[in-house]
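The chains carry the letters A, B, C, D and E, assigned in the order they are written, with residues numbered from 1 in each.
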Amino acid sequence: MQIKEYKPLIVAFCCNWCSYAGADLAGNNRLNYPAEVKIIRVPCSCRVNPMFILRAFQRGADGVIICGCHPGDCHYTSGNYYTRRRMALLFSMLDFLGIERERTRVEWVSAAEGAKFATTMNDFVEKVASLGENKRLEDLRCKR
Amino acid sequence: MNNKMQNLRDEIILRSGVNPSKCMACGKCSATCPAYNEMEYHPHQFVSMVKSGDIEPLLASDSLYKCLTCFACVDRCPRGVEPAKLVEAVRLAAIRQQGANHLKPDMVPDMLDDDMPQQAIVSAFRKYTK
Amino acid sequence: MQKITLESLVEKAVSLLENGTVTSVLGWKKGEFDYDITPAVFESADELKKDFVWNDFCGANFSKYLVSKTCKSEGKILVFLKPCDTYSFNQLLTEHRFDREKVYAVGIPCEGMADINKVKEVVGDGISKIESNGDDLVVTTIYEDAPVKVTCKDVLAERCVNCKSKRHVAYDELLGEEGEVIASERFDEVERLEKMTPEERFAFWQNELSKCIRCNACRDVCPACTCEKCVFDNPNSGVENKAASNSFEEKMFHIIRAFHVAGRCTDCGECSRVCPQNIPLHLLNRKFIKDINEFYGEYQAGAEVGLRAPLVDYTLEDLEPGEVFDRRDNNA
Amino acid sequence: MRKCLVEDINSVLAQINKAAKVYLPVDGTDGKARFEEWAEGKEWSNALNTERSAKDFFFPQTENLMEFKTEGKNIEIIDIRSDKDDFVIFGVRGCDVRSFDILDRVFLVEPIDSFYKARREHGIIISVACGRPSETCFCGAFGIDASNPAGDVTVWRTKEAVYWQSNTDKGEELLKKVEGLTDCDEAAVEEEKAKIKKIMDKLPLANLSTEDFGAGKTMELFDSDKWKDLSESCLGCGTCTFVCPTCQCYDIKEFNAGKGVVRFRCWDSCMYSDFTQMSAGQPRLSQLERFRQRFMHKLVYYPERNDGIYGCVGCGRCLAKCPISMNIVKVMKSLGGKDNE
Amino acid sequence: MQRIGVFVCWCGSNIAATVDVQAVAQALKNEPGVVFSTDYQYMCSQAGQDMIKEAVAEHNLTGIVVCSCSPRMHEATFRKTAAAAGLNPYMVEIANIREQCSWVHKDIPTGTEKAIILGKAAVAKVNLNTPLTPGESPVTKRALVIGGGIAGIQTALDIADAGFPVDIVETKPTIGGKMAQLDKTFPTLDCAACILTPKMVDVAQNDKIRIFSYSEVEEVSGFVGNFDVKIKKRARYVKEDLCTGCGACVEKCPMKKVPNEFNLGMDNRPAIYIPFAQAVPKVATIDPNACNMLKNGKCGLCARVCTAGAIDYTQKDEIIEEKYGAIVVATGFNPISMDKFDEFAYSQSKDVITSLEFERLTNAAGPTAGKLVRPSDGEHPHTIVFVQCVGSRCENCAEKGKEYCSKICCMYTAKHAMLVRDKYPDIETYVFYIDVRTPGKNFDEFYRRAVEEYGVKYVKGMVGKVSPEGKKLKVQASDLLNNKQLNIDADLVVLAAAIEPDKSARPLATMLTASMDTNDFFTEAHPKLRPVESPTAGVFLSGACQGPKDIPETVSQAGAAASKVIGLLAKDKLTGNPCIASSDENMCNGCSSCERVCPYGAITYVDKEFRMPDRTTKVRRVAQVNPAVCQGCGACTVACPSGAMDLRGFASNQIIAEVDAICK
């Protein structure tokens, strides 16, 4: 029997001003990270609705990471502060429902932190891969 | 700083609840200290010496027992460092380390004179035998 | 068991109607049995005297009705509010959901409401009569000749066992004595779940939420859920569905529902009271309340009108999402 | 008439399970009974009725109808209907048994609902008489005899024994396959029936009358001013419709899973403001109209088209479950004039 | 259904080396909505752009997906291309297959697979794109400057210089602010009045500038380019247009015992007064709390002596309504109260004074005509002790002091000590310091001169206690470097009190929906890159209201704020970013959640009548987004539980479509 190598699917929401630029910088510097990471550009991390995160899990994502400007550096001054509260509560709730807490993460990545972006993604993919497939928030209809 | 000193330092910091890193070396504690001239090491030195782990000289110094615990330094410190609590913690360390009290009951009679109020004797005894 | 009497409430309502202060009364209406009480609008003294009821089964929180009733009514509406209802009342005012000018709020003390399911656990089915007698309920059934005495305390609804406050935070007039905020043990059950392993928690919620029939009673009764159109009813929202087809959709609905009321939920417990499947939905809300209290400082939605809800607020020093679990693990 | 001892019930069920998968009411962690697949160790609940009605077996809350597979711009249609196996629903109360007749009159008339029909044909119903009805029961009002419920097989449970009586060929076939049932006379069952009838007469809703309802009452009841008060506090949730064994409305929806689309149906509630959303949208715009629809349908429209049979079976679930305790009994008493005073 | 064209760029070998671009173009051709798909070496080149334009025309494209480098690089380019092709520029989406794909993945199959998925996500998004048009709003070409200190003056002058009318609102009877009270200025020691008063005169004479003195801002509404402001002009009981500032009334006023706030209460003034000789406007003001005529109708002397007939006891507060395109906040600072610092005996002895009081004491126009004497007895002091950081850098004394460094004290204390030693070499001066901070042009040199040339005694350490003993002040302090405790008998103790934002700033911030930090300093839009703009569009910051500042820094920030204002007012119309929030009124329930998270105050509420589904009508409170103010962060979209609030260009259904495409 042949076992197909398991590759997790990661959705990364990145704010336009810091983290998306940080991801670009990682590219400029040719810093590798797994192709399983797919980035969605949002104006600010505070645009990320918990529904988007759940939607990603429903559709088969194994991990969701939200990246924004460092607290205090938000292009819109306060967006990431709201993100911080919303996600702290949401992640805590997901954990409360027994969803593996390693599947969700918030990371602050500035436009200058290309290296941090790459290491963060490498680390996140590794952690999620070690958990295996997302079974607890899956929708069987969406199975590949 | 060797391990022993490191531990002692950590213990003093833990026991006093004081964070000496918050000190900005303004010297207001020493400026305000009524026992300053009696002391070999002054309040601000307590803070900086504990911070750097230089605790042995403090343990050996008489300054420990010169502090009146009047808390003027605590009140005036703009950073909330609370030197008096640090002095007290070093004092405790000294006593615990020596395993002996600075003042023993049989030493007391020699020190008495008629003018000394009973309350002072009792409080001094309490303080120096901790 | 209730300290305030039916007569005094009727008397108050009749006098306010007659002196023209109010034109209608939102109150509890007698049902078929002694426990199936319906919220109703009374418009005359005769109606009040005939059908108004106040007993240990008057659990319904009227606050939400004010949203629609104040829109329709020209005159003032008298509403009776138990302490826990007043928090919802304030929260709705904070969110500008009804016109305060059109309401005359009478605070009434509450000694806790009984849960008919718990009564039935003790006496079984076939209840023909329930009377209140001091600290007891006297229950007559068609199966037993002699009535059965049940201590009120033993059959209190869960939310009343863990009552958070006997204090009215809003009223125009208060009947009876003002109570106090109570140090309740309402978070104990949340804590118990937190201490389980993720696998156990997952199994627990999988079992509970699988019972959900998506009747939407929890949402429709919730005083915090007053959206003109709920995202779950809106075909353009991307999450709309009429029935949960699988366990994901069950979770989705309940997570988002709880998230939408997080920081706004006053913990009135109506969601769990009305759930036809007895799912302990209040635990999801309480989890958010507990987290909010722990992460951002004690916050009671509806304690005052105009409070800034924790999710529309922040401080520079807030906890990082990644620290949430470190903190809990350290506390455990 | 056959019998077995109460303590042997599990071994009897095990035998039935060999013939066809058995579902029976089992107490859950919350102490409430729900139908579950039989397995060793599952105990037949003593509860009067299940939280959800037995209609789920033939008309589940969601049911996939067909699938589309999409690849780029291509669409392929997949028929997902498959052959069903026989199954047994054990422990159905008389009210729920009647509900199947009511659903049949909707789903098994032209155009026949093939999904419903497939399930219905494979279901064998073992009903059980109600030894201990509740105050919320009013099946009598609709002519249901709780002491002698219909079904392929009827079961009576007394303290010591369980009595089995087959009513149909299907039922007889099944019982034949079960060893350990002994033949007996009907005395014990008759006694049990008499006992139940006596209790039924004592129920608070025993005298509920349907006199003022039924075919031809539309004009009289539709414009009654009582609907306003009755619907006043209705929250518009779907609890009553979803616990109801006879509510049969559904909506058809699609779920786009990315590579394919599932078309499925799911229960809908006439109490919802977004009920079915047909071409012109929801035809009943106020909660009063929606509320009225539900009860008029059960009490007037349905009997009008179905030989006077009411669309309610008196199971009492809506009485127990409505968040605001508004229900069909209150509606009947309020609209029913003198008969129900 | 859209007609989408997909354009896959090779970027030379930058993309093509790790992504099979042809395979990407081929794969995306099959996506719903895509009618054309191609690849090209350099999509951003003129030839590449022409290719897009031709394809739009040929295939009637309604949407464009470019798979290329980061949108941060060329999104603007391709939007212009789309516009040139006759498409709405917001019908373009970029799939970032260079920075986020070809450059970070090594092998072709992986890169190609990911590029296809990113392309599919972009296609899914474009399918839901709608044409967007940026909103336009007119600009009222007039600026308001709140505060008439040096910051406000400089800002107003610079704006007026560019030809735009400016109004200054000042709460005091005259402009000039703190600088008018100062004696000399560091590090050049020129006299404050000599450099300030000409500027004040410039303001008075500039016909583009109006001064509303003795006035305050009452209400602000509107938004960038279109502010409506109500200004309350308090009654000064003197007609400004008639008063010549001759001072006859001031001289004759019998009520002479009012503490003079300009001299910080160190001397008295009459009930009718002109704060100082060079005041602008040079108009008298009657203090209603002191004037006998206003209090009990007895007196009226000033009216009798006024030859201009300017006195008007019946004057009332007046509300002026004006429209502005931009608002500059220049509310400045105040020294904190010293009342709670018992250890320095400020409230016990007249000879313990603050540095600002010291300025008045040495000022030629001050209460002693510039002669340095002890306030208690008028005697010549022999020893002066200066104490720095009083109330600054105070971590746990929130009720007394401030956590921050007040920044200006080191320099003015050096100045004070130096000036004392220069004028009175016999006076011994001590400066007690924690750190001496002199990061400014010629600052450290200045401080060193005080020590080296003037012999000011700098002691590293703090004063612990000041106790009045007889005529002297006993100062107990520590000298940390010598490890000694000092006891000095001083004649005068000068406290370098921390400074704090003016009390009027907080209510003003609320009116302007401008944000503040915990210390009530205004927050800048970006701490590094937008230091003179507040996060609220059209509101700018000048001077110490944003943080402690010395005069050169204040003046440069004032100029910077002015240039931002000029840039704004120079526009005839403001073109907004079309990617902004909008609220669906049919779903909004008016709960205010969105309003509370909006950092720009872009959301307001109106009561609107709606037809309900059940044929009734209902008045509901609903949110409205001001397109000129919204910056498009999207915080409101998540705060909104009903989903009424959505963000154009990043709509929920678009993001969901991207998620779905990625997870397919």
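Just so we're on the same page, a residue touches a chain if its C-beta (ideal position, glycine included) is under 8 Å from a C-beta of that chain, and two chains touch if they have at least 3 such contacts.
Computed from a prediction, not measured in an experiment: that's the story for all the values here.
Colleague: Hopping along touching chains only, can you work out the least number of steps from subunit B to subunit E?
Modeller: The fewest touching-chain steps linking subunit B to subunit E number 1.
Colleague: With contacts counted as defined, which of the two, D-E or C-E, has more C-beta pairs across the interface?
Modeller: Between the chain pairs D-E and C-E, C-E carries more contacts.
Colleague: Based on mean C-alpha positions, I'd like to know which chain lies farthest from subunit D.
Modeller: Relative to subunit D, the chain whose C-alpha centre sits farthest away is B.
Colleague: Relative to subunit C, which chain's C-alpha centre is the most remote?
Modeller: B
Colleague: Using mean CA coordinates as chain centres, what's the subunit B-subunit C distance in Å?
Modeller: Inter-chain centre distance comes to 58 Å.
Colleague: Where the CA atoms of subunit A average out and where those of subunit E average out, how many Å apart are those spots?
Modeller: Between these chains, centre-to-centre, one finds 35 Å.
Colleague: How many angstrom between the C-alpha centroids of subunit D and subunit A?
Modeller: Roughly 46 Å, centre to centre.
Colleague: Determine the centre-to-centre distance between subunit A and subunit B, using the mean Cα coordinates as centres, and give it in whole Å.
Modeller: Roughly 53 Å, centre to centre.
Colleague: Which subunit D residues sit where two or more other chains touch them?
Modeller: 255, 258-259, 273
Colleague: At least two partner chains per residue is the criterion; list those residues in subunit C.
Modeller: 231, 237-238, 245, 311-313, 316
Colleague: For subunit A, what residues touch not just one other chain but two or more?
Modeller: Expected reply: 50-51, 55, 59, 72, 78, 82, 86, 139, 141-142.
Colleague: Which of the chains are touching one another, listed as pairs?
Modeller: Taking the chains two at a time, the touching pairs are A-C, A-D, A-E, B-E, C-D, C-E, D-E.
Colleague: Which positions of subunit A touch subunit D when the two form their complex?
Modeller: It is residues 59, 139, 141-142, 144 of subunit A that touch subunit D.
Colleague: If we count contacts the way the header does, which residues on subunit E are in touch with subunit B in the complex?
Modeller: Touch list, subunit E to subunit B: 343, 389, 393-397, 401, 434-435, 460-465, 476-480, 483, 485.
Colleague: Touching residues of subunit E toward subunit A in the complex: what are they?
Modeller: On the subunit E side, the touching residues are 70-73, 96, 98-101, 103-106, 110-111, 113-114, 117-118, 121, 515, 523, 525-527, 535, 579, 597, 599, 631-635, 637-639, 647, 650, 652, 655-656, 658-660, 662-664.
Colleague: Show which residues of subunit E lie in contact with subunit D when the two form their complex.
Modeller: Within the complex, subunit E touches subunit D at residues 30-32, 613-615, 660-661, 663-664.
Colleague: Under the definition above, what is the set of subunit C residues touching subunit A in their complex?
Modeller: For this pair, the touching residues of subunit C are 190, 193-194, 198-206, 231, 237-239, 245-246, 248-249, 251-252, 255-256, 258-259, 262, 284, 287-288, 291-292, 295-296, 310-316, 318-325.
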